[in-house]
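Paired with chain B in one complex and with chain C in the other, chain A is shared by the two complexes that follow.
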Partner chain A sequence: MRRTKWEEYQKDIADDKYYYARSCIRQNFFPGSEKAFLDILRNDLGKDIFDDPLHTSCTGIGYHSDIVPFETIMTVVARQFALMHEAGYENFTSSCITSFGIYTEILNTWEEFPETEERTRENLFKATGRELVKPKSLAHTSDVIFHLRKEIAERMKRPLVNALTGEPLRVVEHIGCHYAKIFPKSGIGGSEFPYVLAGMIESWGGEVVDYPERRHCCGFGFRNYLVQANRGYSVANSQKKLESMAPYRPDFIVCNCPGCSMFLDKWQYTIAEMEGTTYGAHGHGIPVLTYEEMAGLVLGYDPWELGMQMHAVDVEPLLEKMGVEYDPSTKYLGPKGKYIGKPAAAAVNCSAGVTLYDIKK
Partner chain B sequence: MGKLFDKLYEDIRVREGLKACMNCGVCTAICPAAEFYDYDPRQIISAVQMRDDETIEALLRSETIWYCGQCMSCRPRCPRGNTPGYIIQGLRTLSQRMGYFVESARGRQQLALKRTIGENIMKSGYCLVPRNISPDLHPEQGTVWRWVFDNDKDIYARFTPSYGREGAGALRRCSEATMQELHRIFEVSGGKEFFDDIERYSEQKAREMGYNGADENYMMDVFTQNTLAEE
Partner chain C sequence: MASVNFGFGISKPRVIDIDRNNLRKSDEILLEMPELQTCIGCGSCTASCTAGNLTSFNFRKVHALVRRGEYAGAYEEMNKCMLCGKCRLLCPRGINTRGVVMLIKRKLGDF
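Up next, the complex of A and B:
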């Protein structure tokens, strides 16, 4: 039943020639993932993808915190589309689920209420002199990786398999609400049976874990995290998911949305510090990966070149399970191999001695 | 039909999100905010569809419209095609335009959002930048974030050629010309006016509450004070 369900929600994803829009959250917390996405597309798969220095934030976090009006974000988005056209591209791909939700919402609004498109077109021209040209296709960057998952599988160096037992790794996938809950037709598999990450996991040898709170929000909740006084909401929702998935013993979590990746990782740190609770094996947190990191590991990239040292929950237990040969001494290096110190110990990683490495020793 | 309802209904999202609610409660069952707060999206939709101005004004002044996390989980599940999350967006926008948001503790937090996310956008072109995620205000970001924050130039250099500088790459600086375009967009499309309204209403309210205007003290109080017990 699941198969027929997700297959009802297919979408056209371009094969090549993408315009890349970066994400505020991803570039802050997972800059290695954005680099890996471009490297995989260009170097491993020979695709043309344009990294434009002219676009800005879509202002989506401001929009969903209700400080940026709809008319304003529509005009900002229209500028991104205009830049894409000026650069000679027509396949827009966004590195952020909040942005992706906004792009789909705005394209649908323009479709349904054409006067809003007209007004946006005028605003854009008045403000910038640019002309709105809508994209031929819109994809989240995970859609692109999903679309190319078989080509990645052909080049696979490390499958999602436990190197010791030969068993598939057990993976929790978290889609991010705005991927398909706003417009189910815009996401692979729709809102009830999203298949975008599950498709990658299955193609690369892993096993998808089903658990009760699989579709629950990570708890970002915009103003509920962004205002310090409200953060209890955010951690409580992540906790609900973590409690629900823990009995299924996942080897790692993979997220679609940069915000979700950050929250499911950082709230594990917080819960461990506050309550001493950890959700993975041997008193350790569950590693949380972006799909770019997952694809990068599968393709043989170095975990520290992927930026996995920026996670709160150490990824070493997963690397060891996968049989990844990594160099612990290069984890905390800056450019040109300069040692820049290491983070203080954290309860989510058991203790300093277990997983943190000091190059001077 | 009342005047406030008409104003609310000018918002495209309200038009898109409000069909006929049958009070089934599915939205409330799926809602993460309803689980955490004393909050019930079903009641809000039900109240709005009465089109009664007094009821709508009470909502605009209330705490309850500020609880929603805008996850939109309610949207695909409503059997009648309503989107409670969209109605909330419409109510919040109107509450700020009318100045009612300062009448609730949660509403007053809009100033903190404008001063953090809003000002990040106007200064950098991004909703957030590493230098503004201070580990002291974000203890939940943990020891690794503190390490990133303290060594940002060295760490980001591994992944981007243009940290804080112009040119393609993660966390590049947006050029002067780009920032001018962004500012013009905010002026032409009403974003700047909206920011100014938040400041103006907050300033008035802060004085009324005995602060010396919407200064740093007021800002930090709305940002940090958890008023859940009193609400």
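Up next, the complex of A and C:
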């Protein structure tokens, strides 16, 4: 297979003036990532991006769990588009892969069935008095970072290189299923050759790891984890991937989906506690980053400002490899210096006992 | 180790691993009846099966599993066949399916 196959699958991504739709779960599990995205776009790259307090959840989790009907979610999505138009924007970008899949699915439904679009337009007007105006372009936020990867590379402070050996860092990229497996045309590189994260890694000096289960799902799949009895299936999927990637000794994993980054990170904790198995070097887990965190590190952001203390698998081994200067004693201090609490020792982090972080406590 | 009980375990995969299965019996069967290799898995045999309409017997499933080295319970399953031969009339590959039933029973009697 030619390495440039992905180039045949392209999509239009706007250069500037984005309307930003946040994710529900990311703000809990990777709370620094969305802020980092806004900071990178506004402060580093000088782009116009509108973070609208009026928009709501896309209700995707409810939809995929058979709680929210399709009619309802279409109206909710129509409202987001109406808000975007009212704010004077036409390039919609969503932070969540599930939302991105939902928006793609609904825009396609409206294209195939114009009468459904009309019905949604009517429902929206009756419910809120707003008018539906469809976006000119729809992109996931990882598409936007991919699109701007060269501009980021120009401002790069720390490449994805092992500072000790000078070798490129070995990175596993994991793409959310709802990014391009639903509508292959909606993703860069389609569903078979997704290049959105690989492109960032290669432009910033890293090396992409190819491994047998690279395109396997992380196991998130709403219904699988919502019901406790099904979680064994969910964790088994992550385990399958981790077992497959471990022999390639990746330095870290990067994901573009809220669910994937959460599960590949937290299931490592679970597997270590249940079975005592870890997949990284020296008995540690493999750190899992969001692409915003990766971009943030490359641009020289402070890891704690990026929210990397919220990970289940400690990121310090990676920071040391990259030569990132960080203050261990401020890891568990919030933005105003307030102590935010420290997780219990975990097998995935080799159960470190009392550490430097306890000093500030 | 199993130190923490989260209220669920880690499911084991149910994939058939041909590299690990013992394919000796399967090879013997295919040697005696090479035409079985031309099976396209259409399921006509199962759809037309008299026994399958009355019991949970699924002929295609059993011979497909046997070819992949999954022999457990195959003999008992094949005993549900009443040898009516309807499947043989329908098989688009002209496989002697009734012969397959007999062959599997002969080869796997001790499994």
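Keep this in mind: the second predicted complex is superposed on the first by the 348 of 361 C-alpha atoms of A that agree within 3 Å, B and C clash if a C-alpha of one lies under 4 Å from a C-alpha of the other, contacts with A are read in each partner's own complex, and residues count from 1 in each chain.
Note that contacts are C-beta pairs under 8 Å (C-beta built on N, C-alpha and C of every residue); 3 or more make two chains touch, one makes a residue touch a chain.
Just so we're clear, the structure is a prediction, and the values are computed from it rather than from any experiment.
**Student:** Touching A:Ala229 in the superposition: chain B (first), chain C (second), both, neither?
**Tutor:** both
**Student:** Just to be sure I read the superposition right, which of the two partners does A:Gln239 touch: chain B = first, chain C = second, or both, or neither?
**Tutor:** second
**Student:** For A:Ala344, is the partner it touches chain B (first), chain C (second), both, or none of the two (neither)?
**Tutor:** first
**Student:** Return first, second, both or neither, reflecting whether A:Thr270 touches chain B, chain C, both chains, or no partner chain.
**Tutor:** A:Thr270 contacts both chain B and chain C.
**Student:** In this superposition, which partner touches a larger number of chain A residues, chain B or chain C?
**Tutor:** B
**Student:** Where does A:Glu112 make contact in the superposed view: on chain B (first), on chain C (second), on both, or on neither?
**Tutor:** first
**Student:** So, A:His178: does it touch chain B (first), chain C (second), both, or neither?
**Tutor:** Only chain B; A:His178 stays clear of chain C.
**Student:** So, A:Ala127: does it touch chain B (first), chain C (second), both, or neither?
**Tutor:** first
**Student:** Is A:Pro69 touching anything from chain B or chain C once the two structures are fitted on A? First, second, both or neither.
**Tutor:** After superposing on A, A:Pro69 lies in contact with chain B but is clear of chain C.
**Student:** Chain A residues touched by both chain B and chain C?
**Tutor:** 228-233, 235-236, 240, 270, 273.
**Student:** Applying the document's contact rule, which stretches of chain A touch chain C when the two form their complex?
**Tutor:** Going by the criterion above, the answer is residues 228-233, 235-236, 239-240, 270-271, 273-276, 347.
**Student:** In the complex, go through chain C and note every residue touching chain A.
**Tutor:** Per the stated touch rule, the residues are 1-4, 6-13.
**Student:** Within their complex, state which residues of chain B touch chain A.
**Tutor:** Residues in contact with chain A: 11-13, 15-16, 32-33, 35-37, 66-67, 69-73, 75-76, 89, 92-93, 96, 106, 109-110, 112-114, 116-118, 121, 125-130, 133, 137, 139-148, 150-151, 154-160, 162, 166-172, 174-175, 178, 181-182, 184-191, 194-195, 198, 222-228.
**Student:** In the complex, go through chain A and note every residue touching chain B.
**Tutor:** The touching residues are 22, 24-25, 27-28, 31-32, 34-35, 51-54, 56-57, 59-62, 64-72, 74-76, 79, 101, 109, 112-113, 116, 123-124, 126-128, 177-178, 180-182, 184, 191-192, 215-217, 219-224, 226-233, 235-237, 240, 266-267, 269-270, 273, 305, 307, 309-312, 332-335, 338, 340-346, 348.
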